[in-house]
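Beneath this line is the structure, given in C-alpha cells, with notes to follow.
Labels run A, B, C and D following the written order; every chain starts at residue 1.
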Amino acid sequence: MLEDLKEEVCAANLALVRHGLVTLTWGNVSAIDHERCLVVIKPSGVPYETMKPEDMVVVDLDGSVVDGNYRPSSDTPTHLVLYKAFPSIGGIVHTHSLHATAWAQAGRPIPNLGTTHADTFHTDIPITDEIPDDHIRDAYEEATGDTIVEVFRRLGISPDETPAVLAVHHGPFTWGATAVKAVEHAVVLEAVAQMAEMTFALNPDVQMNPALIEKHFSRKHGPGAYYGQQGDKADNR
Amino acid sequence: MLEDLKEEVCAANLALVRHGLVTLTWGNVSAIDHERCLVVIKPSGVPYETMKPEDMVVVDLDGSVVDGNYRPSSDTPTHLVLYKAFPSIGGIVHTHSLHATAWAQAGRPIPNLGTTHADTFHTDIPITDEIPDDHIRDAYEEATGDTIVEVFRRLGISPDETPAVLAVHHGPFTWGATAVKAVEHAVVLEAVAQMAEMTFALNPDVQMNPALIEKHFSRKHGPGAYYGQQGDKADNR
Amino acid sequence: MLEDLKEEVCAANLALVRHGLVTLTWGNVSAIDHERCLVVIKPSGVPYETMKPEDMVVVDLDGSVVDGNYRPSSDTPTHLVLYKAFPSIGGIVHTHSLHATAWAQAGRPIPNLGTTHADTFHTDIPITDEIPDDHIRDAYEEATGDTIVEVFRRLGISPDETPAVLAVHHGPFTWGATAVKAVEHAVVLEAVAQMAEMTFALNPDVQMNPALIEKHFSRKHGPGAYYGQQGDKADNR
Amino acid sequence: MLEDLKEEVCAANLALVRHGLVTLTWGNVSAIDHERCLVVIKPSGVPYETMKPEDMVVVDLDGSVVDGNYRPSSDTPTHLVLYKAFPSIGGIVHTHSLHATAWAQAGRPIPNLGTTHADTFHTDIPITDEIPDDHIRDAYEEATGDTIVEVFRRLGISPDETPAVLAVHHGPFTWGATAVKAVEHAVVLEAVAQMAEMTFALNPDVQMNPALIEKHFSRKHGPGAYYGQQGDKADNR
C-alpha cells in the first residue's frame, strides 16, 4: 500500500541523518496522499540504521493505523493537525536539531537577519504560545499542532511562504510540497538558526533591510522568480 | 570469563568514539554481572583503534582484578561505588565529552530546559559537591563516587529517573540498565548540554514549564509510556 | 568551448563542498578567460552531487550566455562587475559559509586579529554599504557588485592584497589569480571569521600589533616573500 | 639520512590533519636526533595530500639544510630555539588550531579549569609577551622562540610539566619526548581551549581546586603515577 510514498518517506527520514539533523532516533518525516487522505509516517523509536520503506506506517486522518507492522511516531497527531489545517502541504519534518531547538527552548522566534533566511522563509520563524497545562496532560501532541496553526493565524503568516515553526520548549517543525522539500527546509532552518545565534553575539542590535527580504524571497518564489532552472520553479518548495 | 559481557563492554566503548564523545583515550564503560558480583571495565590508557573484547578487565566489587591482561581504568573505584549504591543499574559510562565537561568545569547543574532533556532525564543534571582536599589525596576516585551518591541523596533524585551526573571540575558519568543504555544516556547528555549553553546565550532568564517536564518524561517512562515499540519499554533505560 | 576552464571551475565548485563551505546548492565559483573576455560560471540551483564540467555556463561580460545548457548562477551580474573593476583577478567565489555570513549579517567588518588573518589578508575584511532600495528592486545583483567596488575604493584597499569582502546582510565573496586560489581564500576567510568570533568573546578589547600584520603579510607576498617553495610565489594568490 | 625520523615526522604531520587541527597547509611538526644534533621538519607550504617521508627536510641547529629537496618550514628558527633551550624535548608541533589560536589572539593564557587540563598540563597554558617591533622585522621567527623561552623562565614553569604555549597574536606550540607525544599534546590543548571558552561563557568567575590540579597531574606523571599500563609511564609525554 502506497509503496512509492513509503519509499519517499523512508528516504527523507534517512536524509535527516545525512544532513546531521538527528541524534539517536529523534526526528520524523511524513507525507500525505491527498487523494486517499492517508498519511505515511516513520514508526516510533526505530533505529535509522536498519530502517526500510516497509517499516513506514500508514494512518488515516483520524490517526488510525491502516497499514504497517509498527506503531506510528508519537508525534503523529501533530502532523495530522497540520495536514488538515494547511491543505497545500505534502510533507512534514520534525527534528530536535541542535540550533533550532535552542531557539525553541529560549522561547524566541528566529528573526530574518539575512538573505540566507529570506531566500527560503518570508518572515521570522514564529514560535508557538505555551500549551495550557490541561491540554499538555490530555492531548499533548494534538495541542502542539493546534498552537502551530494558531500562531500562523494570529500573526497572519502564510504557511506556504514560511514553511517552518518552533514549538516552544520543544523544537522545530518544517513542511513543504513534498517530504523532500520539507527536509530541505529543515536543513535551511538549522543553518539560519546557527547563523542568527552568531549574528546576535556579534551585534545584539542588528537590523535587516525589509527591501532585501522582499527581493530575496521574490528571486526564488512567485511569478517573477529567476533562481534555479526553468522546470524547478513549480515545485520550488 | 564473562565473554558476552566483555563483548558488550568493548562494543560500548567503541560506540563512544563513533558518537564523537571521545578525545584520545579518554572515557570508559563498564557493566556488572549482578549474579556473580563482577564488573567488566575498559583497561586504562589503551587506544581505541586496537581495542578487543579480550582486553577488557574483570574486577570484583573490592576492585581486585579477577581476569584480564591489563590494569583496569583508573576510574574503576568510582564505578564500583555507584554499582554498590545504585543496585538497579547495569552499566556505567564516563567521558570528557566537551559540552557536558564545560558544565562540570563551570560548577553548574544542567537545567531541564526542554523536551529533549525531559524525554530522558526527569530532573536537572545534578553537580557534585567539592571533594575535601584530604579525600582528593587519599582515595580520590572512591571519593568521586561518594559525592555522586551524596548529591542524589541530598536532592532526593532517583538515579533511575535521572541517570546522569556531573562530577565537579571533572566531567560526566551516566548509567543505565545496560552498558548500551548508559552510552545512549551519554549521547543525550552531550546534546542537552550543548543545547542548554546555546539556550542561555539566547535567553539568560529562560524558564521551562513543569507540566511539560512531567508529560515528556511519562511519554517514555513508567506505566503510561507510549513512545517506541511495545517490546522496548521494559528496558527503556 | 573553454573545456579546461570548465573543468577547473567545476572542480573548484566541488572543492567548496569538500571544505564544508556549502549547504544544499548555495555558493558558486567562476573563472575568466582574459583573452576572450568570457566567464565560466556554475549553473543556478543545480545539485553538487551530479555536477559535471559540461554543466558549466559560459557568459560574455554583458552576461549573455554564449555556451551551456543551463541558466547561469543568479549571482552572475555580481561576478561580472568584479571582473570588470578588478582586472588582475582570475576567479571568484561566493558562499553562504556560516561564520563569514554571520559577520555579514551583523554588519561588521572582520578585523585583522592575528597572523592567520595577516598571512592572507592585508587589512580587515571590509563590509559593503547598504544598497539603496531602488537598486535592490531593479538591478540587485549588479548593485551588489557596485557596492563591493565602492568600499574598496572608499577605504583605499587593494583587491589584490585583501581578496575578500562581506556583502552586508548577505555573505562573503572572495577572489584570486585563479578559481583555485579564490576557493583557498574562501577557506581562510571562514577560519578567520570563526576565530575572530571566539577572540571577541574572550576579549572584547583585543588589539592586533600593526608591525606583525606587515611582517606576516610580507612573509608570503611581495618581493621579500619567503614562505612556501620557490615556484609558488608567483601565483601566491 | 635519518629515514626513521623522517617517517615519524611525516606521520605526525598527517596525524595533525586526522585530528582536525589543520586548515590548508597550516601547521608543522619536527623532531630532533639528539646525538647528531639534527632536526627533521616539514617542508614549507607543501600540501598534506601528497606528503611523503622523503619530502621532510633535515637541518642542523643553525638552520642550514643538510638534506632534502624542499625549503624547510618558515617556522624552523622557532623550533630550533626551543630545541636548544629545552634539551629534554624530542618533538615540536605548531598549528593554527581554531580554539587555541582564538586564545592566542585574545592575548589570554588558558587557565587550568578542570581535570582534563590537569591530566596533561600542570599549569595554565602561558602566553608570550609582545615581540618588540624591531625583532619582528629582523628575526621574527627566532624572536618568537625567544619569547616562549622567556615566559617559561619568568613564570618559573617547567616545559616538561606544561608542554604547550600560546604565541601571542599567532597560535599554539606544543612539544614532548617525541613528535607523537607533541601531537597528542596539541590535541589535548585544542580540547581544553574549547572547553575553557564554554566554561567561561557559563561561569565567568569559575575557580579550579588546586588540590585537584596536583592530584590529576600526579595520577599520570612522576613516581606515583598510576594511569595507563606499566610500560607507558616512562614516555608518558
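Observations on the structure shown:
Definition applied: a contact is a pair of C-beta atoms (placed from the backbone, for glycine too) under 8 Å apart; a residue touches a chain by one contact, two chains touch by 3 or more.
Note that this is a predicted model, so its numbers are computed, not measured.
The most distant chain from subunit B, with centres taken as the mean of CA atoms, is C. Averaged C-alpha coordinates give centres for subunit A and subunit C that are 33 Å from one another. A straight line joining the Cα centres of subunit B and subunit C is 46 Å long.
Residues of subunit A in contact with two or more other chains: 201. Working note: touching chain pairs come out as A-B, A-C, B-D, C-D.
Within the complex, the subunit D residues that touch subunit B are 113-116, 184, 187-188, 191, 194-196, 198-199, 201-203, 206, 208-209, 211-212, 215, 219, 226-230, 232. Contacts from subunit C toward subunit A in the complex involve residues 23-24, 26, 43-46, 70-71, 74, 96, 98-99, 101-108, 130-131, 133, 136-137, 140, 169-171, 197, 200-201.
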